[in-house]
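Chain nomenclature is as follows: A, B, C and D, assigned in order of appearance, with residue numbering initiated at 1 for each chain independently.
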Amino acid sequence: MLKVGLLGAGRIGQVHAMNIAGNVRSTLVAVSDMYEDAARKLAATHGAEARSSEAILSDPEIDAVLIATSTDTHSDLIEAAAKAGKAVLCEKPVDLSLERAQQCLRNVAGTGKPVMIGFNRRFDPNFAALKASMQKGEIGKPELLSLTSFDPAPPPVSYIKVSGGLFRDMMIHDFDMANFLMGEAPVALRAVGSSLVDPEIGAAGDVDTAVVTLTYADGRIAVIKNSRRAVYGYDQRVEMLGSEGLLQAGNVLENTVVRSTADGVLSGKPTYFFLERYMPAYAAEWEAFLAAALDGQAMPVTLEDGISALALAEAATESARSGQAVALNGQAN
Amino acid sequence: MLKVGLLGAGRIGQVHAMNIAGNVRSTLVAVSDMYEDAARKLAATHGAEARSSEAILSDPEIDAVLIATSTDTHSDLIEAAAKAGKAVLCEKPVDLSLERAQQCLRNVAGTGKPVMIGFNRRFDPNFAALKASMQKGEIGKPELLSLTSFDPAPPPVSYIKVSGGLFRDMMIHDFDMANFLMGEAPVALRAVGSSLVDPEIGAAGDVDTAVVTLTYADGRIAVIKNSRRAVYGYDQRVEMLGSEGLLQAGNVLENTVVRSTADGVLSGKPTYFFLERYMPAYAAEWEAFLAAALDGQAMPVTLEDGISALALAEAATESARSGQAVALNGQAN
Amino acid sequence: MLKVGLLGAGRIGQVHAMNIAGNVRSTLVAVSDMYEDAARKLAATHGAEARSSEAILSDPEIDAVLIATSTDTHSDLIEAAAKAGKAVLCEKPVDLSLERAQQCLRNVAGTGKPVMIGFNRRFDPNFAALKASMQKGEIGKPELLSLTSFDPAPPPVSYIKVSGGLFRDMMIHDFDMANFLMGEAPVALRAVGSSLVDPEIGAAGDVDTAVVTLTYADGRIAVIKNSRRAVYGYDQRVEMLGSEGLLQAGNVLENTVVRSTADGVLSGKPTYFFLERYMPAYAAEWEAFLAAALDGQAMPVTLEDGISALALAEAATESARSGQAVALNGQAN
Amino acid sequence: MLKVGLLGAGRIGQVHAMNIAGNVRSTLVAVSDMYEDAARKLAATHGAEARSSEAILSDPEIDAVLIATSTDTHSDLIEAAAKAGKAVLCEKPVDLSLERAQQCLRNVAGTGKPVMIGFNRRFDPNFAALKASMQKGEIGKPELLSLTSFDPAPPPVSYIKVSGGLFRDMMIHDFDMANFLMGEAPVALRAVGSSLVDPEIGAAGDVDTAVVTLTYADGRIAVIKNSRRAVYGYDQRVEMLGSEGLLQAGNVLENTVVRSTADGVLSGKPTYFFLERYMPAYAAEWEAFLAAALDGQAMPVTLEDGISALALAEAATESARSGQAVALNGQAN
């Protein structure tokens, strides 16, 4: 039984609280948040205590912490938690600064404590099934990867301004998915981006529509497409062409009802956003963390993975700005 | 090269004319119709002559006739053509009267001329692929068949009145499909029918919505559903459950475009009616007739098949009226 | 907060326990089972007590009981629980004997306590969405209903022998779904059934493959197909043709991965059986019971509904045996 | 009635011959080919004459020529035919040399004869329906285009060597489709390419797998993916994201049969290659040419369109070699 402290009681913290409390192998002991009320409310729902982050980290009874606070606190909290001897699961991204994230890795290295980064999509049953099929060789040698990730609607511009930009905030999931599926880091990256959805996003110096091409040492290629707006719902698709076939993981629809009328054949939309689509993924992610923290299995997503994705986000930001390809060293971090 | 006379220049006659003239192994020599103008016009399109039916049947140069006239003339024309030594392809049904059709079979028997009945659906590439899969044993032993046949819109009531009723006019295709796929005739039949689409159809003594259950000597079951109205297009589906799986043949859609908007995910409709849906089937049907007439292969759909389907239609008409199950002898005719 | 006693700790009892304990508006207080160990184990998982059924029913602190015991105890327990003043949710069927179920209804009537029957499929999000669309008039007037329910594999023959037969044990769900979607009871029923899956099922006097046709006072028609074996998984589909369109609720697939190879395009199978497919339905069913028990809403599925479905099962059993249509009074019970 | 001479009796010439001869508004008068036997054989099938190209071009009775010869002869034949006063439909590409193609355009300009380039995919009913929906504004403002074109298997290396390379030979279709759907020419292009399918293709200096990103003056983006090998068939998909939705045009499958077994749910493959997939497109292309040649409508695909696509192919070849983005003038040619 893993005793867990949760740092951050926001939207994603609430999802994690439910999984921690709902799993027979973990207990939610305490919750902290910069808004004490939010911590108290969430703690009460699950029979836990509201505490400060410091109180959680210094409690020797607590085995693990889940960091779901704002991004600018991640590196500090990872370091503090690892030094306090906790197993750590931290939401993505590690940091908006690649340099700070690399420093965090060095600082944590000595503690010997395992750190997992919350790239939830790896645990989506559909993407996981796609990878399993690929690894069984069911499409031969994988050669050309396509990732489509469209959000249903853009976040407020106030959020955009502190987000680190589309590549660090949104496409970082796809960079990790590319790493996950290609099994190695690319050697070059080309990015293009535009502000088509909302001119205020462009005015804030960010893009809302972008395409990135990754190339690998052995010639394989990956393409990532992002848009901040798909009015029909959260569009999350993966497609891998291999020497013996194609694998596609499609969207999860609201329901299976199909209506045929004089206007055409109408099916349900994709589920609206990440909370609906990835709810099973968050539960599976927590299971995987428990397997590492309790059973001594290797962390399925490491701090190094988090840094690798961040490095790609930084390179993409640069490439979209300069218009040039960026050479990469082909190493994870 | 088969020299062909076409009897009947209506909608379905025009389809046949195109296939006869377009096939390198057949020539359309002459066309007849009760409306001479129609015959002339169709003949001209394909470089053929307009003649009377008698002139066509008595022309020793003509090898085969395709009968696409009104149903009440089928039996007489089949007999006359067979006696004249022609190979015959006749549109379904053989007759509205089972007795007359059986007499026709006896009259034709002596001529030794092959007669094919135009159950075009057997030649639909989708249904044919379903049958091929079934015969390869890909779903083990077939056990439970479902046929769904919905027309886009009911015909005029004037047509209904001379049609012989839904079971003889419309469901006869499904009875033949059941015979085709089950490979034997049923031992009992239960029919229910209603007039839901158009009260005038009910006033004319017919039904427009019907369900028939067929049972077979070895316990297998088939269900047929018919409606005269599916506003989304011509709905033609076949489904067979077997001991090792399920086969489904679905509709052919207008196009492959899918549009996702805030209202849902919209696909194309089924093609509108039998001319669109079964155009490839009519061409394949003509190929099959040529293989029989020119290459000595067995007729793929015989006069006996036509009578077997008609016997089921007659039994269904009776069962729907009486409310009782009708016992059948389990033989084709 | 509803305090709940659970009678029956078997497979389906465990599902209910999870929903009762997992819902913020209900608490699982006690569990009983004929096997004390099973009750103890399940109670422990959810922090409840193991008790006898009598102890649960006589505890004034307990507001409601969920009956998930073997079918032969349902009527007695419903009566006892209602007399003890509990709100009741009882698994289907009410009883194997229609007469006993009707007596149960009369006995319960005086208590004024609400009783809900667990027809879980009404709460499946797909079927519920289909009904909602139908009720909004999106396909005009509903006319022809088709229900397909195939189990992945037959139960042991030992179970078949005490099950009351396919119509009472399996198709009863479809009879309820027909009542739910057609909104009234049929006036006639025709059933055919065979033993095709397992000869031992036939030897035990039951069928494993069956088709039932229901007809309604206004001419509408419903068809139900059941098989005890669909090797590709639990096949649960609903299709309603209306005057302005068609509604279809399809299967829920294991995942969204599609693999295209030289062999074809391969998608996931339907989820394996009712626990996977209907897990969301069981949770929604419990929500609906809470809304009735706590908020004074009407029971969404009544004891009368349970009896209506049972009456159809009894009529189908008779029709399949006699080969004749059975007239019904068109009333719910 | 248009009298047509066909130059080239190869595989694609045979398709055109069938459409020319099968259309009531055109006649196939003569066929030429560098292999006289091939010309004779094809001419005989359609009741035409075998002649030399010169004889065809100098025959005043012939109104139009269809050029389906090898690519290196296209420019010369277009010029000769236009000077001879013929309407011209020429297979893509105009030339392997952009300079030569531009010269051809200048040389033809003075003749006043309309020239159409055979970008058949514009006439595919699925892509045409996608464009029609887009133009009706059904997805709002189009923003992000994705084109997927995978051949089933690579051509012989001997063909690769004279093909001009993947960008000129294969992706040229996608460049034209991008022009067709985006409605303007891009301002920059980034290409990456690899030889993954067959090392001999790489040894011949070509790539077999490539991704190109196009950017437009207003910030819109298009991505093109090509592979010479998709073992499951000819994979031809278009996807356009707009401000109010997504349009996708999918593959055409062999048939609609779906087989569900213990191994999963198996559908038909995409039709094998361009002759199967685009047969309706070739017929519609010919109709469009007739509408221009006979009815005075504007050519639906012009020589300028051919040159625009070729310019993109040349830029892509350069970008893939240099690794750098290529700036374009955003004009069609």
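In the analysis below, contacts are C-beta pairs under 8 Å (C-beta built on N, C-alpha and C of every residue); 3 or more make two chains touch, one makes a residue touch a chain.
Labels paired with UniProt names: A, B, C, D = Myo-inositol 2-dehydrogenase.
Model, not experiment: these values are computed from the prediction.
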Counting one step per pair of touching chains, how few steps separate chain B (Myo-inositol 2-dehydrogenase) from chain D (Myo-inositol 2-dehydrogenase)? 1
Most remote chain relative to chain C (Myo-inositol 2-dehydrogenase), going by C-alpha centroids? D
Distance between the centres, which are taken as Cα means, of chain B (Myo-inositol 2-dehydrogenase) and chain A (Myo-inositol 2-dehydrogenase), whole angstrom: 57
Determine the centre-to-centre distance between chain B (Myo-inositol 2-dehydrogenase) and chain C (Myo-inositol 2-dehydrogenase), using the mean Cα coordinates as centres, and give it in whole Å. 41
Could you check chain D (Myo-inositol 2-dehydrogenase) for residues that touch two or more other chains and list them? 230-232, 235, 244-246, 260-262, 268
By the document's touch definition, which label belongs to this structure's chain graph: line, ring, star, complete, or other? complete
For chain C (Myo-inositol 2-dehydrogenase), which residues are in contact with chain A (Myo-inositol 2-dehydrogenase) within the complex? 22, 24, 45, 125-126, 129-130, 133, 138-139, 244-252, 254-262, 268
Tell me, which parts of chain B (Myo-inositol 2-dehydrogenase) touch chain A (Myo-inositol 2-dehydrogenase) in their complex? 230-233, 235, 253, 260-270
Partner chain D (Myo-inositol 2-dehydrogenase), residues of chain A (Myo-inositol 2-dehydrogenase) touching it in the complex: 141, 143-144, 146, 148, 150, 188, 190, 192, 194-197, 209-211, 213, 215, 219-221, 223, 225, 227, 229-232, 235, 241, 243-246, 323-325
